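Dropping the structures in below, format is structure tokens.
You will see two complexes here that share chain A, one where it goes with chain B and one where it goes with chain C.
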Partner chain A sequence: MNFTITRQNLHSGLAAVSASIPSKTTLPVLSNILFEAKEDGVWMSGTDLDVAVRVKVPADVKEAGSLTAPGKKLVEITRELPDQPVEVATRNEQIELKCGRSHFKLNGLPAEEFPTLPEVDFSEGWTVTGKDVNGLIHRTAFAVSTEESRPILNGVLWELRDGSMRMVATNGHRLARMGVPAESKGAPSADFIVPPGALQQVQRLFKDDDSLEVARSGNHLGFRAGSTEVYTRLIEGTYPNYDQVIPRDNDKMATIDKKALESAVRRMAVVASDQTHRIRMKFEPGRVHLNVMTPDLGEGHDEIEVGYDGEELEIGFNANYLLEVLRYMPTDEVQVAFKAPERAATIEPVGEELDYLCLVMPLRLLD
Partner chain B sequence: MSLHQLVGHGDIRAALARANMRSSLPSALLIHGPRGVGKQRLALWIAQLVMCEHPTDEGPCSACTACRMTLAVEHPDLHWYFPVPRPKGAGQRLVDALEEARGQGLLERRNTPLRPSYTEELRGLYLGTVQNIRRRAHLRPTMAEGQVFVIGDAELLIPQESSPEAANALLKLLEEPPGAARFILTSSESGRLLPTIRSRTIPLHLSSLPTGQVATFLQEHRGAAADVATWAAKLSQGSIGRALAFLPDGDEMGQLEALRRKAFSLVSAALAEGPTGGYTAALAFPASGARGLVDLFAFMEEWLRDLGAVAAGAGQSVFNEDARPKLDEIVSRTGLRAPDIALAMSQVEEARQLALGNVNPQLIVSGLVRRLRKTLVPKRMGGVRT
Partner chain C sequence: MYPARFPAAIRRNPESSVPESPSPRRILLVDCDAFFVQVACLEDPEGAGKAKYLIVGGTPTGRGVVTSASYSARAFGVRAAMPTAHALRLCPEATIVGVPRGVISERSRDVRRALEDLSPIVQAASVDEFYLDLSGTERLFTGETLEASAWRIRQSVLERTQISVSLGGGTRRVIAKLATRCAKPAGVHIVQPGAEDVFLRQLDLADIPGIGPALVEVLRKKGLVRVEDTWPVQIEWLQRWLGDRRGAWLYRRIRGVDSSEVDPHERRKSISAERTFAEDIGDDRELGRRLLKLTGSVASTLREKCFRARTVTVKLRDSDFKTRQHSQTVPEAIESDAAIHEIAKALLFDLRADRRMPVRLLGVGLTGLVGSEDAPQLGLFANSGAGETDRERAVSRTVDELRNRFGRGAVMPGLLVEAKKTPGGPKK
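Coming up: the complex of A and B.
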């Protein structure tokens, strides 16, 4: 393998791939980046076995070939190189870099030891915009469960249908669901459970104006835009029927200024119990009272004006879940809908035509 | 480096290969049998078999990419778990530290595939280990049709008495493996596994290897001299892993040989003149880490059994053949009786149970030597045995 590449291209390729390299691994070859020099450029690949990133960067390839070399070290070296063309060559199992008067030789491992990346046929899949996918990820992935007792909830459910797509994430206490229109290239409807780590890579590597091809191959899901590809292993199993828990008959609606509610909840959270983070919200026409009482600490009270004309109702929430949901609401005003103190409340944006809904389970009020 | 050759167990391998061709291999297997006979190596062979691209009735092809990666323990869908020393930390930090310790263990196994089946380190398979397994198991496989999880020394899923959390956490996975995942557990003390784990796995027993086969292996793969190889093979009772631990390591005697001698010195302390032998012997042990005594007590039982054999006139059947003259001398000097020795063996077993319960090792040893002494050396009054 022998090619010449600009320092800029080498560095951008390595930076894109190196984030997928695990810092500690049980397989030594995973610390390396796979270089494949072909006629049309140089492909660089990195994986932690859960997520794989592959990018192609332009280079003047004199001799095709492949080798894996230590990823982090290459990134560090390239960062410090002068802004001149870099000549990259392999000799046996070593990779050599020459740039100006700088010269490096790093020990590599044969390309055959690198895990085979999945082969995904992008001709049968879906086309989505980077903006849509990034928006879905941003507004739902935060709700993924981090507890390992129900591994299925450690992923984001991605429903792809003819003409639309939707992402859902929950930890059983709060849920986020968002949908957008999408174009299908004849691919049948499908549901995937995607690890949030993979979606982070998608967010990081694809820009809003990218046109993203998404396709599935067996156990993997592939994303491609231009010369950047991301592959992820999917989570095994069937996602719970989340639709069942979304209430349809919440008849009490309150329209609230998001910032005012956020700051009031944040103030109450200071005095809330460290274990339950419970705050109490009492809705009455035109006003909501926020109360918190923690036996060993003390109590707090706040109130804000809201658009509400229903009957009086008192409901408890985990302040942290409420704040999390509010943080991702895209509008200045939100609509909180509820029916009874023991029933789930939903929060939706007001003023924009968005298919976005968050659900927060209430906490029982003891007295 | 590549895994060392799998020795023996031809019939079992043939049956497994045929079952694989019929797609009737169970998803959860428990390979049990004596320590060091190749249980984990067979488990890895099964992993190779099910991931092989061209398997036959005789086993995996050993030439395809999947076989090569499995033999190098580098297949992304093969997850080999084994007991590790408990790292410091709690919560997610502990879970990560356990995975790091496993990575270190895998590196050592890749560099030195042929390893003795004995270590003095206190190790276990902890709840964090099973959490790691569970997280991986719910991801779909990378290259193969299904992931394979090999869990060696599975009895250490209960690292000490009354700590069954890790074993319990594994139950659900064994009962309903996600997707096409397979679990292969190995154990040399399957009786210590939870009954609920045993009932969720299909047992597969591995027997000891013929002593001649072990000796030949030691000569061919360790360059041991014929007499040393035969000596170690006999002491190992048909276990390559144990035989390796008897072989000298440079100028130092093998770890199991040192332990065997230590066990003999404890038996001798119980038979010695003067009542303080037990206390002196106990001081040579640390005040914690009683699990380390389990293997020592197994050797004590062997020594007592040999003394019993000599006392019963069946000296030709002793395990420790190299110590036969010494055994004859002890029996003739002390007048040991076989029934007393049988009682002494049950006392060693009781001490073994205490060691599993993590009692102070010094207390266990001093108490054991005192009880053995009482059993084996009855008080003499005026030359009359009471």
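Coming up: the complex of A and C.
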């Protein structure tokens, strides 16, 4: 393998791929990036066995070939190289970099040792816009469960339908759901449960104006735009019926200034229990009282004006769940809807036609 | 081995410990000297109280082990957790008495009450260990050094409770803990502010709390036995050998970095129980019964302490002393006998499937504790793995009430009643 590449192209390719390299691994080749020099350019790939990233960068290839070389070291070297063409060559199992007067030789591993990336046929898939996908990821992926006890909730449910798509994430206590209209290319409806790590890579690598091809092959999902590809293993199993738990009969509605609510909840959270983060909210016409009382610590009280004319109702929440949900609400005002102290409350943006809904389960108030 | 006394090189003039601004923390660890032995002597002054060499623990027949031994018996090499039979071979003249279970917690409470009158913050770390935080009391005691405070506290506790204690002191909890070992028995050992590094560097790695036999062995293979050997090793190397988190932890640990507070309200982190059987058990049904008994016992303690648990652990020690354990964490914290036993049963099944050997010891532990009075977080998906119904919870609480009124044997699972009726029946 022998090619010449601009420092800029080498660095952007390595930066794209290196984020998929695991920081700690028992399989040494996973710390490496696979280089494949072909006629049309150089492909670089990295994987942690769950998510893989593959990019092609333009280069003047003199001799085709492949080798894997230590990813993090190459990124660090390239970052420090002068802005001049870099000549990359392989000699046995070493990769050699020459740039101006700088010269490096790094030990690599044979390309055959690198895991084979899934083969995905993009002609039988869906086409979506980077803007739609990134928007859905941004507003839902935060709600994914990080606990191992229910692996199915460690992924984001992505529903692709004729004319629309939707993402849903939950940890069983709070949930985020967002949908957007989407053009489909006649591919059938499908549901995927995608690890958030893969969606992070998608968000990082694809721009809003990218036209994103998505296709499935067995238990893998591929994303492609231009010469950048992301592959991920899908989480297997049946996602719980989230639609069933979204209340349709929440008849008490409060319209609240998002910033005012956020800062009041944040103030209360300071005094809330480290274990439960419990705060109480008492809604009455025109205002909501926020209270917190933590044994051995103390208490706090706050109140804000809200648009509410329903009956008085007291409800408990984990302050952290409320804050997370509020952080991702895109509008200045939000509508909080509930029915009873032990029923799910929904929070939706006000003033924009968005199919976005978050749901927070209350904390039981024992007294 | 620890030096019997603080080396002169690192002993500072006690006067120099008068705090400068900002004042260093003044932490003491009060450790009751051979607590079980002292309590046994106080309870039976004519019997145990007059024994020249006293061992508190199980009987020498079977698998009884030493719980505690008098310092005179320790001179013969008798140690806690040693089989009593072996201890008797080392010290044939020793008198053996059972553990005075009923009064241990009562005496421990006495010591705690005495300490609470002497220090603003007291945290019970175990039945016979108490951390005190005397920070900010310098002016109250008109410049009394920490060492003088420690001697005064020792004397006062002895007068009020007849229990002799040793005190270790320093600017951090871990330092106080290590210093206590140098103070024992019936002494005081203070590591002065600024002298911590010198103090730590003379210790073996195995002396540091949290560095267990497995880690000691890994480090020994790298040629590291003493803290002094490990001190110059860069954090990067420790991380390379032990992983990022563990390497960084060891680096800080040997330097005595410890910002933990003396917290009188510190929450309990685990509840567990284990049994060493008189004879190894190979029969799965019998193991199942023992597990049922153990889970009932830990679950009842869990509820008594007003907790729920998220993680259940089952531990087995096979007849060849190989110890194994499996854990399972559930999404919602549980408290009922039924739910905890159901998980423990599956864990035991897995452990037995991995290795079928007669079992010497069985244990059940509960961690991930949350207060049962804490506002429970309601879940979105019913029956999504919480594994406990309101009915199961109510049944367990009712059983607790019945046992409180009519005694522990008033209600028990049918399987255990059957086993009681046919002693030895289920065994092969």
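Everything below uses one rule, namely that the second predicted complex is superposed on the first by the 367 of 367 C-alpha atoms of A that agree within 3 Å, B and C clash if a C-alpha of one lies under 4 Å from a C-alpha of the other, contacts with A are read in each partner's own complex, and residues count from 1 in each chain.
Heads up, the rule we're going with is that a contact is a pair of C-beta atoms (placed from the backbone, for glycine too) under 8 Å apart; a residue touches a chain by one contact, two chains touch by 3 or more.
Note that the structure is predicted; figures quoted are calculated from it, not measured.
Once the complexes are laid over each other on chain A, chain B and chain C cannot both fit and instead clash. In the overlay built on the shared chain, the residue A:P115 is in contact with chain B alone; chain C does not reach it. In the superposed model, A:E342 lies in contact with chain C only, and not with chain B. In the superposed model, A:L199 makes contact with neither chain B nor chain C. In the superposed model, A:P240 makes contact with chain C only, not with chain B. Once the two complexes are overlaid on the shared chain, A:Q275 sits against chain C while remaining clear of chain B. Applying the stated contact rule after C-alpha superposition, one finds that A:N318 touches chain C and leaves chain B untouched. Shared-chain residue A:K24: touches chain B and chain C both. Of the two partner chains placed by the overlay, neither chain B nor chain C lies in contact with A:A225.
In the superposition on chain A, A:A59 makes contact with neither chain B nor chain C.
Overlaying the two complexes on chain A leaves one chain C stretch of 39-47, 183-191, 219-227 or 345-353 clashing with chain B, which is 345-353.
Taken together, the two structures place residues 24, 148 of chain A in contact with chain B in one case and with chain C in the other. Within the complex formed with chain C, the residues of chain A that make contact are 23-24, 147-150, 170, 172-175, 240, 242, 245, 273, 275-276, 278, 296, 316, 318, 342, 344, 359, 361-366. Contact residues on chain A toward chain B in their complex (touch as defined above): 24-29, 49-50, 112-113, 115-116, 118, 148, 151-152, 154, 195, 218-220, 233-237.
Chain B makes touch with chain A in their complex at residues 65, 69, 72, 74, 76, 96, 99-100, 102-103, 106-107, 131, 134-135, 137-143, 178-179, 181.
Only residues 243-244, 265, 267, 329-331, 370-371, 373-381, 384-385 of chain C touch chain A when the two sit together in their complex.
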